[in-house]
Amino acid sequence: MSAWLAQHGRALLWALRRLTVAPLSTLLSLLAISVALALPAGGQLLLRNGLQIAKSGAATPELSLFMSVDADRKAVDAIAQRLKHQEALKEFRLVSRGETLARFQARPGFAEVISALPGNPFPDAFVAVPRDDLSAAALEKLRAEFSHWPKVEQVQLDSAWARRLDALLHLGRIGVALLALMLGLGLVAITFTTIRLQVLTQLSEIEVSRLLGATDAFIGRPFYYFGTLQGLAGGAGAWLIVAAVAMAMRAPLEELAGLYEGGATLQSLTAIDVAILLGFATALGWLGTALSLGRHLRD
Amino acid sequence: MSAWLAQHGRALLWALRRLTVAPLSTLLSLLAISVALALPAGGQLLLRNGLQIAKSGAATPELSLFMSVDADRKAVDAIAQRLKHQEALKEFRLVSRGETLARFQARPGFAEVISALPGNPFPDAFVAVPRDDLSAAALEKLRAEFSHWPKVEQVQLDSAWARRLDALLHLGRIGVALLALMLGLGLVAITFTTIRLQVLTQLSEIEVSRLLGATDAFIGRPFYYFGTLQGLAGGAGAWLIVAAVAMAMRAPLEELAGLYEGGATLQSLTAIDVAILLGFATALGWLGTALSLGRHLRD
Amino acid sequence: MIRFEHVCRRYPPNIAALTDLSFNVEAGELVLVCGHSGAGKSTLLKLIAAIERPSSGAVLVNGQNVGALKRAGIAVLRRNLGLVFQDQKLLFDRNAFDNVMLPLAIAGYPPKEAGKRVRAALDKVGLAAREKALPVALSGGEQQRLAIARAVVGRPAILLADEPTAHLDQATAGDVAKIFRDFHQVGVAVLIASCDDTAFSNFVPRRLVLDHGKLQ
Amino acid sequence: MIRFEHVCRRYPPNIAALTDLSFNVEAGELVLVCGHSGAGKSTLLKLIAAIERPSSGAVLVNGQNVGALKRAGIAVLRRNLGLVFQDQKLLFDRNAFDNVMLPLAIAGYPPKEAGKRVRAALDKVGLAAREKALPVALSGGEQQRLAIARAVVGRPAILLADEPTAHLDQATAGDVAKIFRDFHQVGVAVLIASCDDTAFSNFVPRRLVLDHGKLQ
C-alpha cells in the first residue's frame, strides 16, 4: 500500500516536474488546448445568448387576428377565450378598434384622412405570440386554423420573420456543428502530439525501464498523470478565455439586446457548464494519452 | 555548386521522408494547422458574405420623404431634382399618392375605409436608399437636412435598422478580431511544438553532426524544409476545408439571401485569397521553425 | 538455475549468432563467457533476459521457459536479474544516485530503504562521493562502474554482465572483478561476457568459450 | 601540429581533470595516452576537438588557439579531425553505410565519390559485407569498428581515438591497431586514449602517461 502510494506519488511528481521543466512549451501546449476548447464553448454560449436576444426581440413571429368590423363584444370575448386555451401560444393581447384608430390618428398624413371619416373604420384585432419552439410549418397550420374561427375575417402571420429565423437557426446549427467537428479533430491532434513529444523526450528512460523489468502500467502512469493534468489545466484556460471574451463582448451584446427591446440579460457560463468543460478536458487528456501511448509505447 | 545542390537535395529529401515516415502524426499535425488556418479564413469569408447579404437586403436603411398633401407636380419635381444631386444617396424612387392609395385599398380592413373617403388622402412620397458606407450619424444628418426642404412635410429614417446593423457589425468585428488573435496564438503553439518534436526525434543526429563539424545552417536546413513544407500543406488543407464548408453552407446561405430579396450571389475564395492563405501558411511554418530552432537547437 | 537446451539463434538475413548451445549454470557459479568479437557472447546473455528469443531450443531460468514468456512474465523475470549492458544504457538526464535508484523504484521499494541500498551499491563501486554527478560528468570507466552499481543494487539471484571491464584500467578492472566474486561467493549465479579475461584470470572457476556461435 | 601549453581543465564543483599539461605532437606521430580510469584521457582528447575548453593555458592545433574558436571555427576544425568517441555515438536509425557517410555529407562531398570512400573505409575495418546493417544488428565490437570507419573516412590529418579497442578481442584489437599504424605511416597525427595498451605494445613509439590529470 505504501509502495503503491509511493509509485503514484513518484509518477505525479514526475508529471508536475515535466510540466514545469519547459515552461514555454507547456504554456504553448496549454494555450493550444485552451483555445481549441474555448472556441466551441464560447460558440455555444454565443449561440445561446444570440438565440435569446433574437427570440426576445423583433425576431419573434406574431399572428395578427383581424375580427370582422361587425363583430360584437361577445364574439371578441369568445375568440379571446379560444386563444386562452391554445397551447401553442405564449401570450396574446387585444388591440381594440379604438386603440388602432388612435394610433392612425397620431401618424402623419393620416390624421386628416381619419378625421374626415364618419366613424371608426378599424376592426378589433388580436396579436398573438406563438411559443418559441414552433416550426414555420406549425405556425402556418395555426394561421389556417385561426382563420376558420367565427367572426375572424383574416389572420396574418409575419411569416417572413419566421422563415428568416428558421434559416438563421439552420445556419447557426450547421456552423456550430462544423466548428465542433473541426476543433474536436484539432484537439485530438494536439493532445496526441503533446503526449508523443513527452514519450520522445523519455524514450531512453522507457527503454531502460523496460529492460529493468518495469510493467506497462509503471511506464504509462506518469504519462497519464501528465496528460490528464494538462487537459485539466487546458480546460481551466478555456474557462478563463471564455470568461474574458464574454466580458469583452458584454457591452456590444447588451447594446444589441437593448436595441431589440427584449430586456435580455447576458448569460455567462454556469457552474454546470464549467464542470462539463473541465470534465471534458480531463477526459480528452486521458483519451489522447491512451491513444498516443497505444501507438508510441508498444514497439 | 553541385555540392550545394546535393546538400539542399538531401535536406529536402529528408524533410519529405520525415513527413511520410509517421503518416498518422503528420496527418494530425496537418489537420491541426489546417483547422487553425481555416477558421479565421472561413470566418473572414463568412463575414464578407454575411455583410453582403445584410446590406443587399432588408437591412439597408431607407429614408422616406413625405410631401405635404397640397404639394403640386412642380414641387415634387423640384425635390426629385434635389435628390438626384445628392451624393449620399444610392438611389431613390417616387411613390405617388395614387400608388399608395391603391396599396391601401388592397389591404384587408382598409378597403372599406378608403372607399368611404371623399378623395385621395395620401401625399406623394420618395423612398431614398443611402450609400452603404454612411454611419448612423450621417444618416441622421441627412434626415434633418431633407426635412427642411420646401413642401417636405416629414422625413422618416428607418434608423432602428441602421443602429441595429451598426451594432451587429461592431459585434462581428470584435468576434473576428478575438478569433484571429486566439488562433494566431494557437497556430504558433502548434508549429512550435511540431518542430520541437522533429528536433527531439533527431537529437542524437544533431549532436553527432555537430561533433563531426556540421554548421548551424547544415543542421537547421532539413527542419526549415520540413516546417515550410508542412505549413504549405496545412495551408492547402485549410483551403480544402474552407471550400468544403462553403459548399455545405451554400444552400442555407442562399436561402437566407433569397429571403432578404437582395439577389446576393455567394462569394467563394478568390485566387488572391488562396495565394495569401498559402503564403501566410508557408511564412508561418518558416517562422515557427525559426523560433523553435532558436530555442531547441542551441545548447 | 540457468539451462540452455540445444539453443540456436539466427538473425536475418542469414546470420547464425548461436548454434546448438547446451549448458547448465548452477546457483553460485561464476562463469566467464569468452570469444572473439561477434562470437555471440551478448546474444547469449540477451537470451537469458528475454531481450532476444531463441530461434529453436529452450532457455530455462529457474525451470521457466524464458522464450515463451508474455510481457508481464518478462517484466517479473527481469526484476529478478541484475544486468550490465555492453552499452551501459545509463540515463543521462538524472544523476548517479537516481540511475541506481531506478530498478528499486520499478520493484516498488519503500523510498527510505531504497536510498540506503543505493548508497551501499555506489560505495561498493567507488562512486560514493559522486552520487550527485550526472553521467556526462563521469569518465568512461566511472560510467561503467555506475552501470554495475545499478545491476547489483537489487541483490539479484542472477547477475549478467556484458563486458563490465571494457573501459577500465587494470587496477580498477581488478576491483570490479572482486565485486562479482563477492556476489558469486554469497550464492549468486554470475555470467560475465568478456573478450579480455585478464582481470578474472586468478579466480574464475569456469569458462564458456564461444567460436562463431558454437561452444568449444 | 598539436601543442598543449600549461593546460588545466577543472570541472565543477572541484575536480581537476587535467593540471598544467604541456606537450607537442608532430604530424605523423602516433601517441598513446595512457592512465587509470578517470586520469583525464578523454578530457585531453576533447580539448583538441574543442568539445571542452581549457580552464587555463592554450591548446593549439596547426598554430590555431582552439579554446578561442567561435561556432563556425569549431565546425571547420572538426571537419578536419577524425574522431572515435568513447561511447561511439553511432546513429541507430540508419545503417552502417549511412553512418560512415555522415561526415562526408557534412563536408559536402559529391555523392558518387563519397560512396566509394565509404565502401573503402568499411572494407578497412572488416565490415564491407554489413554495410546495410543497422547498428543494433552489429555486435559491440562491430559497432566499435564502425565508429573507426566513420572517423577515418574523411582522411583527416589528425585522428583522435578514445578507447578504440575497448570492446574487441585481442585479434581484432590487433587489426584495428594496424589501421591506426597505417594512417600514422602516411603522415597522419594519431592520438589514442587507452587504458589497455597490449594491442599497441609492439609498435608504439611514444606514450603520454596521465596520473590524476598530471603528466608523468
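Read from first to last, the chains carry the letters A, B, C and D; within each, the first residue is number 1.
Basically, contacts are C-beta pairs under 8 Å (C-beta built on N, C-alpha and C of every residue); 3 or more make two chains touch, one makes a residue touch a chain.
These figures come from a predicted structure and were not determined experimentally.
**Q** Considering only chains that satisfy the touch condition with subunit B, which of them also satisfy it with subunit C?
**A** Joint contacts, listed by label: A, D.
**Q** What chain lies farthest away from subunit C once each centre is taken as the mean of the Cα atoms?
**A** Between subunit C and every other chain, the largest centroid distance is to B.
**Q** Measuring centre to centre with CA averages, how many angstrom lie between subunit A and subunit C?
**A** It comes to 63 Å between the two C-alpha centres.
**Q** How big is the gap, in whole Å, between where the Cα atoms of subunit A centre and where those of subunit D centre?
**A** Each chain's C-alpha centroid was found; their separation is 68 Å.
**Q** I'd like to verify one number: the distance from the centre of subunit C to the centre of subunit D, where each centre is the average of its C-alpha atoms, in whole angstrom.
**A** Measuring from centre to centre gives 28 Å for this pair.
**Q** Take the average of all CA coordinates in subunit A, do the same for subunit B, and state the distance between these two points in whole angstrom.
**A** Centre-to-centre distance between subunit A and subunit B: 22 Å.
**Q** Draw the chains as points, connect those that touch, then say whether the picture is a line, ring, star, complete or other.
**A** Per interface graph, the chains form a ring.
**Q** Please give all chain pairs that are in touch with each other.
**A** Touching chain pairs, listed by label, come out as A-B, A-C, B-D, C-D.
**Q** Which residues of subunit A touch subunit C once you look at their complex with the stated criterion?
**A** 2-4, 6-7, 10, 204-205, 207-216, 218
**Q** Which of the residues in subunit A come into contact with subunit B in the complex?
**A** Answer in residue numbers: 24-25, 28-29, 31-32, 35-36, 38-39, 46, 66, 69, 108-110, 112-113, 116-118, 121-123, 153-154, 160, 163-164, 167-168, 170-171, 174-175, 178-179, 182-183, 185-186, 188-190, 192-194, 196-197, 200-201, 241, 245, 248-249, 252-253, 255-256, 259-260, 295.
**Q** Inside the complex, what are the residues of subunit C that reach subunit A?
**A** 49, 51, 71-72, 74-81, 83, 85, 89-93, 102-103, 105-111
**Q** Report the residues of subunit D in contact with subunit C in the complex, numbered from low to high.
**A** Residues 11, 35-39, 42, 86-88, 137, 139-142, 144, 162-163, 166-172, 195-196.
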